[in-house]
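Below are two complexes that have subunit A in common, paired first with subunit B and then with subunit C.
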Partner chain A sequence: MEKPSRAIFITVELILAIFTATMAVKISTDEIPQRKVAVIVEDSGNSKWDSYVKGLKDAAKANNLHLVICNTDKGLNPEEEKELMEEQESKGVSGFILQQAQGSGGQVILDSFHEPILLNFCRLTDPPMKKTYPLIAPDNEKLGEKLGECIVEGYNGKLEGRRVGVVCAASSPKVMMQRQKGLQRVLEKAGGKIAWTLYREDDTGISDAVRSRSGVSAIAVLDTESLEEMADAAAAHDVHGAVVYGIGASIKTVYSLENESIAGLVTADLYDMGYRSVTAMAQYLSGSKKALKDQSIEIISPKKNELFSEKYQTFLATMER
Partner chain B sequence: MKKLYKRISIMMLAVFVFTFLAAGCSGEEEVHNKKTLRVGVVKYIEQDDYINALTDCLRGDFEKMEKSYGLHIVVTVKNGAGKQAIQDKVVEEMIDAGCDILCVDLVDRTAPTKIINMARKNNIPVIFFNRELVREDLMQWEKLYYVGGDAAASGIMQGELAAGDIQSDAKADRNRDGRIQYVVLEGETGHQDAILRTDEAVGTLTAKGVKLDKIRYEIADWSKDQARNKMSQLIRQHHAQIELVLANNDAMALGAREAYEQSGLEKKDYPKIYGIDGLKDGLKAVASGELQGTVYNDKEGQAQQMALLSMALYRNETLKNFSFHDRKYLLLPYQKVDGEEAVKRVHLKNFSK
Partner chain C sequence: MKDYFFRRIKKRFFPYRMKQVPGFGIQAMIMMAMTAITIVITVTLGLLLFNSYSKSLMKLTLQDTDSLMDRTVDNLQGELLDMRNISNTVNYNLIQALDVKNPQLTQQLGLLYESARDSVVSIALYSNTGSLIMSEPSLNQKEDPNVTRQPWFMDAASEIENMHFSMPHIQNLFQNASDPYHWVISLSRSVDLTDGDAPSTGVLLVDMDYGRIKEIMEQINDNADGKYYYLCNNRGQLIYHPCMDQIKRGLLKENSLYMSSKVDGSYRDVLHSMKRYSRVKTISYTGWKLVGVVPDNVIRSSMKRFRYFILTAGGLLIMMLLLVNRMIARRISLPILTLNESIRAYEAGETPNIYAGGSAEIRYLGRSVQKSYEEIDHLMKQIVEEQNQRRKSEMAALQSQINPHFLYNTLDSITWMVEGGKNDEAVRMISQLARLLRISLSKGHTIISIDDEIRHCESYMSIQSIRYKNRFRFRCEIDREIRKYSTVKLVLQPLLENAIYYGVGDMDEDDGGEIVVRGRMQGDEICLTVEDNGNGMTGEELDNLLSEDEKVPKHGSGVGVINVHNRIRLLFGQRYGITAESEPDEGTTITVHLPAILYSEEKRREMERQMKRKGERL
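Up next is the complex of A and B:
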């Protein structure tokens, strides 16, 4: 009777020992310290983020960070952003890189998290403000100014008496306001005048509204998606002969400049914004507490005949996936 | 001795249970947020008019469901940039960020294994759409489904439309040789729908007694621009000889039409051109007589089935109300659209602009 029980005992112990060893290995491999950083931007699958996301990923790889780009839809609000942040917090995220969601209460929500937060694109402040979060973004007013300069240059500096229509995204009022401010300053200085401003909603587009307006020499477009739509309208000769200029950051807007659907393009180096943001976060998490600070992103205004020159090769390469 | 064995066994068992639990806890358990359904849609490429229209319908369906189910639904749409390796990576990132249901239009219909394995490991149901994967792959796991059209039927309908027009119009055979010289504009190499649409359209014309002479089959990647370029080359080579163009989708049919408009040929020398999909531009072109017909691919129906199936899977409900073929396939019927039908649809959908 004793022999079979010993054999069973040894077999069982052997199996348990193998299991224990396997699980111990699993625990040790799971605990390789790779810090996790979550990124939240609205409509995260949109191609307008391609170069930004490429910058984030390249920097994450260089800094051995695990990057989580949260799945989002259009029209992100502060409550949804909070939900995503809580979910990622529960998964052990060490820091956040955010596009601050539009809507009230956003600042209070951010204040409730203990992880470091870095903002991209724009800082939306709403009282009561306990903290100011660092921002890495293009200067939106300068983007508007640059677009204005582009239009003035397109008319050889002679904008006297010319009317300009403005198209912008309804979803980012603060950013649009800043860009329009810069644009208006330059246009008025050159003698031009903003005749109308239209706000594009994601679900309805803006072509029909623009079709119903006329009497402008140029249309200044202040965001990527509106610019893509207006470039299509211009290609279809559906803008009453107005010349389209715009701020955009997608490969489609570059094609539009190349095929002359638009006459001028102003863009920010979003790859650089993504890269610098992750690098700053990685440095902060490694103990460099001053790494998270405001930084401004370079603004570019490529000309059609320079698009494929050496000067813009890197910029174009970051837009391709 | 026996007691000693028993004690050691109990101790080892305790160590085993502890280690097992610890290992389990250190893994990344999915936080299932009951308030929010996260749907990840991964297209094969960014720019495909039909898929984009279908995706818009899907977003609209989920939006309506938010109200009726009292649930917040987040639909994230990404794409595989035309490369399977990129699509696999995108799916991996979506799962990593938190996703309840995946809807995937595969880049390569023969290579779904990585996606299936990742989804299975994380217990995330996958609804494949548009590109039908191999049956054996779909049967690998019970939470895999396919929603699409019956591609063979679309080819048959296109063939029937063309055969009807050719047989009722004596001028269709312009050179009066008793045969129709034709060109096919195909979607892409190896795409199940492209192969079936072409084979069935040509087969149906032949079966209906139309004698055919093939001039060329050209691959134009479902793209209007590519179709226009390839058709322009064919027009330069064959001038007014081409009497019929069968395109695997509307975009390519419209590209062919544009090539004729740019060719300088007189309208009487234009061939009959047929598409498939029935998107806005295709319907308008059929209504105005620029194209002679199209076959309506029911994007609204497919999107609705995908949304309903996603919800049922998320809520772990019975699937008995779905009309599955072979337990896994939801196939929506196509509809023929000739000039008269196109006018009705254009009017109904207010595509006046």
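Up next is the complex of A and C:
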């Protein structure tokens, strides 16, 4: 009886020792480590991202993610983006949320990373292709269409024979092209015509180029920074009497609508884009492999007299720093 | 033979000791009992501790929340009171004291604004038609702010006796390109204006910087460690919430409507399937509710760590207690186990002694077992001895029945008688011999009647008288009544033989040797005596007469007397047997004590069966 009893005793003591050690280890390692997600957008300090960044941060807090917003300047190219991604990869990020940098070889660069990648704003390479990255962004063609509808509405639907000038950012040709496509479709349907298209360079601006052009009833501006510049020009009566409409996502563009420097504003809910992006990434990292999929962001077109309604106050609240 | 009997008797009395007793050993049982107690106590203590800790933690968390909320309420009330004081100062000290066109009013208002500009965005006075009368800072009013349609104006106009705090909103009054959308909380009230001689009413608006409220609320929400605090009005509309944007966009929900209806206190509610404690405190002047939310998972998270701690401590405690239990169990059980082993060894014949160590009880037990075993041994030896004696007695009895020497002498005497022409005497001797043999055989019975025993004696003595040529006399004085009682057969013949051989056999006819057999009833027993007046015995010989020790000197061999004595005791018990009295040169009297049992065939069979059973058991 002695030997089996001793064996049982030793076995029980060993099991208890293992159990106790496991519990002791768990006391110190109970914290669930936060996963890191890196966000790379061009010119990350620009106020136009305020709403977007707020959405990112709120979602990161709600999903217990550690968000790393990489510091970038204007004109982010694929090589710089790759360097940032490699740096973050070496710091152990679990996923990337990117604005895909303009330039050749972007797709190839993204393919070299193993972490999940979610694109915002636009996807520069359309399917079919070897690997498709999910995109959460407003539909750029619809943005253009909405802007077109805004212009048509501004002329009470009577756009027949009217000429419209287009101003867009030179740095995002793909996005601009999509927006212009939607815009053109609506304008042409209403009888309008695009007279000219000007591309704004970040360092030179567009006011001078627009000042040299005349003969348009309206100017459609397809990006935030161009719209802010054109709003200033319109406030200074420097657009040959043309009415400015635009796509923008900053407080200044909203204020321009309120003080009637611009006649119409179309914007996307960037807070929603940021929030959805981080939420989808968090779900993916938690094991929901279908969470990373294309999603479209709501497009809104506030009217001046609605700006202080509860709906738009909520929208404005996220735009503020 | 002796070992065989030992084994048989041991097997009969201790059958279970020959094989391993099934089940747990005493050490295992003590260990299991103590382990069960240890586990029950440890688990109970752990649960009690855990329960107590969780309650304390809950209490502490709620107390922390409470004290933090108290401070926040004080801060918020301080801010709101400041606004009220500004509004009251403007109203009672400026507007009611000065004409609206009085430049001093504007000047005093400017000074007041400057002193409070950290928390006040603007102070403005409107007529009851919504026209701006004056404002600080002096900014251009927007083209058409539609003041009369703004909630703060409508509240002031509808309830003129009260001050009204609005919900946070973007100020829509003044042009300010650098900071166009300012979030404010408006404090508005209806005021009486003096405009020259015409009194009128207006609305005084103090726009408080919402950032002040936000800052206070953010302070308590920072590092809230899972808890959070929000502010709502008495209709459940959110004034501040750490997830304000998500809630307004419908991404999250909050039970603010439910909580706004509650008086100050703690409440349990459920949101997004999450149970939580919500603490409500009311802000004075406004009816706003500050709500502190402590989700259960926050407490569970703290409890989780403590649970691991309890499990670790419990595991260690059980480990240590098991070790101590084992040591105690060993200490308690070791003497018992040693006793057990020594009993086994004793049974196996490996050791002559039983262990008698350890505690007093075990020592006592060991000594008792030892004593019991010794007594058993003694009894077994006695039984074996008795058995052997019985066999010896039976053999002796058998030998007595057919004594070849006696038979030869008798037959030799008969031959001489016949040759000498003493035919009558020869016939009488043959007849006596025949009767002697018949009674000796008794059809193999052990029990006979006293009558037969006496007749057997008479035949025997008749033959011996012829052989000893009547050198002694013989007579029987037997009470008639005892003849029908039972006796073991052939108890008198050995005594008579002894009386002849060692008593009167060597005497001459003139010496008057005599042997008398007497029989009488004495109480509940029968006494048969064989009395001779022969040589007698010394005291020592008499003492050794019934001794079984073969080494002691005896009167003759002494075997015959002892055999008779043992046979009687074997059958009838220890109180019966033989007693002897003797004096040297005086004679000897041997008395046979028998129970008074009437002889019958049935009694005989019963007694012989009893004898047989005793023989088998032995």
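Everything that follows uses one rule, which is that the second predicted complex is superposed on the first by the 285 of 321 C-alpha atoms of A that agree within 3 Å, B and C clash if a C-alpha of one lies under 4 Å from a C-alpha of the other, contacts with A are read in each partner's own complex, and residues count from 1 in each chain.
Note that in this section a contact is a pair of C-beta atoms (placed from the backbone, for glycine too) under 8 Å apart; a residue touches a chain by one contact, two chains touch by 3 or more.
Remember, predicted model here, so these are calculated numbers, not experimental data.
Student: With both complexes superposed on chain A, which partner does A:I69 reach: first (subunit B), second (subunit C), both or neither?
Tutor: first
Student: Touch test for A:E258: subunit B only (first), subunit C only (second), both, or neither?
Tutor: After superposing on A, A:E258 lies in contact with subunit C but is clear of subunit B.
Student: Identify the partner contact of A:F19: answer first if only subunit B is touched, second if only subunit C is, both if each is, neither if none is.
Tutor: Both subunit B and subunit C are touched by A:F19.
Student: Looking at the overlay, what does A:D232 touch: subunit B (first), subunit C (second), both, or neither?
Tutor: Neither partner.
Student: After the superposition on A, what does A:T318 contact: first (subunit B), second (subunit C), both or neither?
Tutor: second
Student: Touching A:F9, do we find subunit B (first), subunit C (second), both, or neither?
Tutor: After superposition on chain A, A:F9 lies in contact with both partners, subunit B and subunit C.
Student: Per the contact definition in the header, classify A:D272: touching subunit B only (first), subunit C only (second), both, or neither.
Tutor: After superposing on A, A:D272 lies in contact with subunit C but is clear of subunit B.
Student: What residues on subunit A does subunit C touch that subunit B touches too?
Tutor: 2, 5, 9, 12-13, 16-17, 19-20, 23-24, 26-27, 30
Student: Quick check: in the complex, which residue numbers of subunit B touch subunit A?
Tutor: 1-2, 5, 8-9, 12-13, 15-16, 19-20, 22-23, 26-28, 31, 33, 35-36, 38, 40-41, 46, 59, 72, 74-79, 81, 86, 93-94, 96-99, 353
Student: Considering the complex alone, what residue numbers of subunit A touch subunit C?
Tutor: It is residues 1-2, 5, 9, 12-13, 16-17, 19-20, 23-24, 26-27, 30, 54-55, 58, 62, 251, 254-255, 258-259, 271-272, 275, 308, 313-314, 316-318, 320 of subunit A that touch subunit C.
Student: With touch defined as at the start, can you tell me which subunit C residues reach subunit A in the complex?
Tutor: Interface residues on the subunit C side: 24-25, 27-28, 31, 169-170, 172, 175, 177, 180-181, 183, 243-246, 248-249, 251-252, 304-305, 308-309, 311-312, 315-316, 318-319, 322-323, 326.
Student: Could you please specify the touching residues of subunit A with respect to subunit B in the complex?
Tutor: Its residues touching subunit B are 2, 5-6, 9, 12-13, 16-17, 19-20, 23-24, 26-27, 30-31, 43-45, 47, 68-73, 80, 83, 87, 90-91, 208, 321.
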